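The structure's right below; bear with me while I get my questions together.
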Amino acid sequence: MTKLARFSQSLTSGKLIVIGVPMAWFLLLVAIPLLIIMKISLSEMEATSVSKMISWTNGLPTLKLNFSNYQFIFSDALYVKTYISSIKYALITTLICLGIGYPFAYFMARAPKHIQPTLLMLIMLPFWTSFLLRIYAWKTLLVSNGVINNLLMSLHVINAPLDMMNNSFSLTIGMVYSYLPFMILPLYANLSKLDLRYLEAAADLGTSPFKAFWLITVPLSKAGIIAGSMLVFIPAVGEYVIPELLGGPSTLMIGRVLWDEFFSNNDWPMAAAVAVVMIALILVPMAILNRAEAKLEEA
Amino acid sequence: MSQASNKVFANGWMAAVYLFLYLPIITLVVFSFNDSKLVTVWSHASTRWYSALMQDSDLLSAVFLSLKIAFLSALMSVFFGTFTAFALNRYTRFRGRTLLSSMSTTPLVMPDVIVGLSLLLMLVSLQHWLGYPQRGLFTILLGHALLGTAYAAVVVTSRLKEMDGKLDEAAMDLGAKPLQVFTLVTFPLLIPALVSAFLLTFTLSFDDVVLSSFLSGPGYNTMPMVIFSRARLGLNPTINAVATVTITVVTIAVIASSFYTSHIERKRKREMAFAYSDANN
Amino acid sequence: MATAPKPQTDSKATTKEVLLRVEGVTKIYDGTVKAVDDVSLTVNKGEIFGLLGGSGCGKSTLLRMMAGFEKPTKGKIFLDNQDITDLPSYQRPINMMFQSYALFPHLSVWENVAFGLKRDNMPKDEIAKRVEAMLTLAQLNKYAQRKPHQLSGGQQQRVALARSLAKRPKLLLLDEPLGALDKKLRETTQLELVNIIEEVGVTCVLVTHDQEEAMTMASRIAVMSEGYFLQVGEPDVIYETPNSRQVADFIGNVNMFEGEVVVDEPDHIIVKCDECTHYVGHGFTGNKGMAVGVALRPEKIMLSKERPTGEYNWAEGVVTEIVYFGDHTTYHLKTTNGHVIKAQEINNTRDLSCGLTWGDHAYMHWNDLAMIVLTH
């Protein structure tokens, strides 16, 4: 078949439209914006607009690349510290979510079949109600004259209010709270598919339940663990709303730095450079996530 | 550990997680009926913050804007999400498939601030070239629709995967042209998935604050933007009232829809069982 | 002759009208995997043609090319002398009854059957008439308004048949038509299916992995393996005169003896094997000294405790296994050189007639037309 014939055939069968529409949509809204952000990160802010990368002098184009934003990010101790601190919080959040979520997903997958849909719905329900309002709710719980402190003081458990707000504790609680369902859902999907006969076979061959858990259940749910962890870790690195509402001024998160560069300092190229470095940091986790999801699909 | 203590441990663990998940929500609801101006100190029950909410024109107009954006962006999300799911599932081999599939999952995991910033910079460049679009409702809509498309594609994909590909072939075999295959067979079978994709993307849009903040222009404040700016300043009882209304509506909708689907499923199982016993008599 | 068997020409093809002609069709996936390898065949009007083979033998790919879901990499397909190779499936006067039926779950039985007719823009009253007739044919009238999930497996199968016959296709394709039914239901459904097909008089191509299904339903069978036809012929020909060790082994049970032709006469040959010497009562195309296989089906072997008198066509062994099937019993006998031979006895009385038990020494014998000499 000639190329032309194949082309006209794919046109009539609608293949071109079905592929072309989403392709154009995502190219315009994902690929091009990411290229533009890279481009702008290499320019600098001039009075009201961003400097041009290509300028015309005597009819000849001159390429002007400006790496000063990146130089600044890597030489300034505060930026480096903020990136490290973001990764630290994201990592802690991921580990706590895994620690809470794995047993939970495991128990949920072992619960009687007829109540599992209800248990699942109860996990999804907070997810459907506003994320912002739920973070706000933690603020009312954790502040020094908040619900928890008031309760503990009226019960005379404590005499002075606990300092739980605007620090790393409140930030971590808010992050774990928001991202926990993202950990539980892939783990549950994975664990509920696990064939229980493997465990029976292990028991039959003389393995204790505890050992069977580590030797069979955990290795078979590896893809779920990786997918869940990455689904928590990646967005947590760039989280803005939770540190802004619960973290106070002392907790360093890169999402806030980006926001401030953009909205307060109006330095778009700097904000873009901060974003590009953040993308570079999450590229590897994203690749791991893609592989884990492909594996989950195979199963 | 014995069987029974295992069970106690499992149930305890699950109860603790559910408590953790629902404690903030319950607090929000309870204190929305608190008369005191101090959000966290209970005085006595009242509905004064609901009356205050009814007079809060800033917040109310933000709610209507949010509903409008959520409705339109959910429609767009379902439209483009369905295309994406079809392209990725019905055509397993074409050039650029990997590109499309990774672009479609990017908005799912990429931090909101990056999606928001990159979209805004793209739109500003576009405006520089074409004089269009102005920042406002349309740009927010685009951002939400992008995020929604990614989620809708996941929902539709999972339904397409369950669906028997043989049904399309059967329709074609009986003389249906490709477009008829879609309108007569694939689309009707997809409707439940499209409805849940719509609801999910509606909620995502109604909930978003970061993308809206980047993409909005003067005079376009969505409900989450208003709540966020108030919450940054401190605690505010009207937020509890808004929260309670939102939570009530969503909870009723989610529970009703899950009852409906489980009812359909049970009916179906009964009918199947009946068909077999009927045939054997 | 170690080459692949040449495509068989069928004697009936010249006397009957040809409906479907497949010419040198090859299907290659991903540039390397040959699913179908240079297959040619003709199907005559009114016959049920069976494609038989294990999974991955290419039978389904061949069927899908006939239906128009796959394009051949090479070769042509003709229907009524018209080249349909590049015709999309929705324009072919061919309908298919799908494996596990593919009934539209959102449409009623009536709407399922009417689906194809509506695509032809047939007038409404005519559609109604045709659907009613199809439902009557398949005894489904009282289920017309039900949805597929409200039907039993057998009923669903009849809906699938009615739907695929409604457009009066020139050719009906059946993809494992009984595969989704349990064993007991199969026999009655199979009869119903053949009756309806014969009543309508439609030409069929049947794909199945079940040799019993192919034997009982098809008027001719093609045995497929690794993308090409091993043998094409009537069921009894395939069973009694397989053309290769592979076909003999694939269809039914068989005992294979390897030996050498020691006497080659026009009316008989003698093959010397380890366990015994075969006297075959017909000639063969080959010569003295040639290594051949002698295939002997278990049901053609008789057992006795006394030593047969003749020189040829018997062997002795020790009973190592007795497998009871109800209607017959299969005995496994081990010869002195370790070869296990299976013999099948009909249980025509209620006690096990042979009186043989494990460890008994017994003799097997057969007549001189019971075996087939295979050269490849």
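Order of writing sets the chain letters: A, B and C. Residues in each chain are counted from 1.
Convention: a contact is a pair of C-beta atoms (placed from the backbone, for glycine too) under 8 Å apart; a residue touches a chain by one contact, two chains touch by 3 or more.
Remember, it's a predicted structure, so these values are computed and weren't measured experimentally.
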| item | value |
| --- | --- |
| Chains linked by the largest number of contacting C-beta pairs | A-B |
| Distance-to-centre winner among chains (Cα means, whole assembly as reference) | B |
| Approximate Å spacing (C-alpha centroids) for the pair chain A, chain B | 17 |
| Whole-Å separation of chain centres (CA-atom averages), chain B against chain C | 54 |
| Centroid spacing, where centroids are CA-atom means, of chain A and chain C in whole angstrom | 57 |
| Sequence positions of chain C contacting 2 or more other chains | none |
| Footprint of chain C on chain B - complex, ascending | 164, 166-167, 169-177, 180, 184-185, 188-189, 268, 271-272, 274-276, 278-280 |
| Of chain A, residues touching chain B in the complex | 13-15, 18-19, 21-23, 25-34, 36-37, 40, 100, 103-104, 107-108, 110-111, 117, 119, 121-126, 128-141, 143, 145-147, 150, 177, 180, 230-231, 234-235, 237-241, 244-245, 255, 258-259, 262-263, 268, 271-272, 275, 278-279, 282, 286, 289-290, 293 |
| Partner chain A, residues of chain B touching it in the complex | 10-11, 13-14, 17-18, 20-25, 27-28, 31, 38-41, 80, 83-84, 86-87, 90-91, 94, 96, 99-100, 102-107, 109-114, 117-119, 121-122, 125, 142, 146, 149, 153, 178-179, 203, 206-207, 209-210, 213-214, 224, 227-228, 231-232, 235, 239-240, 242-243, 246-247, 250-251, 254-255, 258, 262 |
| Complex contacts: residues of chain C adjacent to chain B | 67-69, 88-91, 94-96, 98-100, 102-106, 115-116, 119-120, 146-147, 149-155, 163-164, 167 |
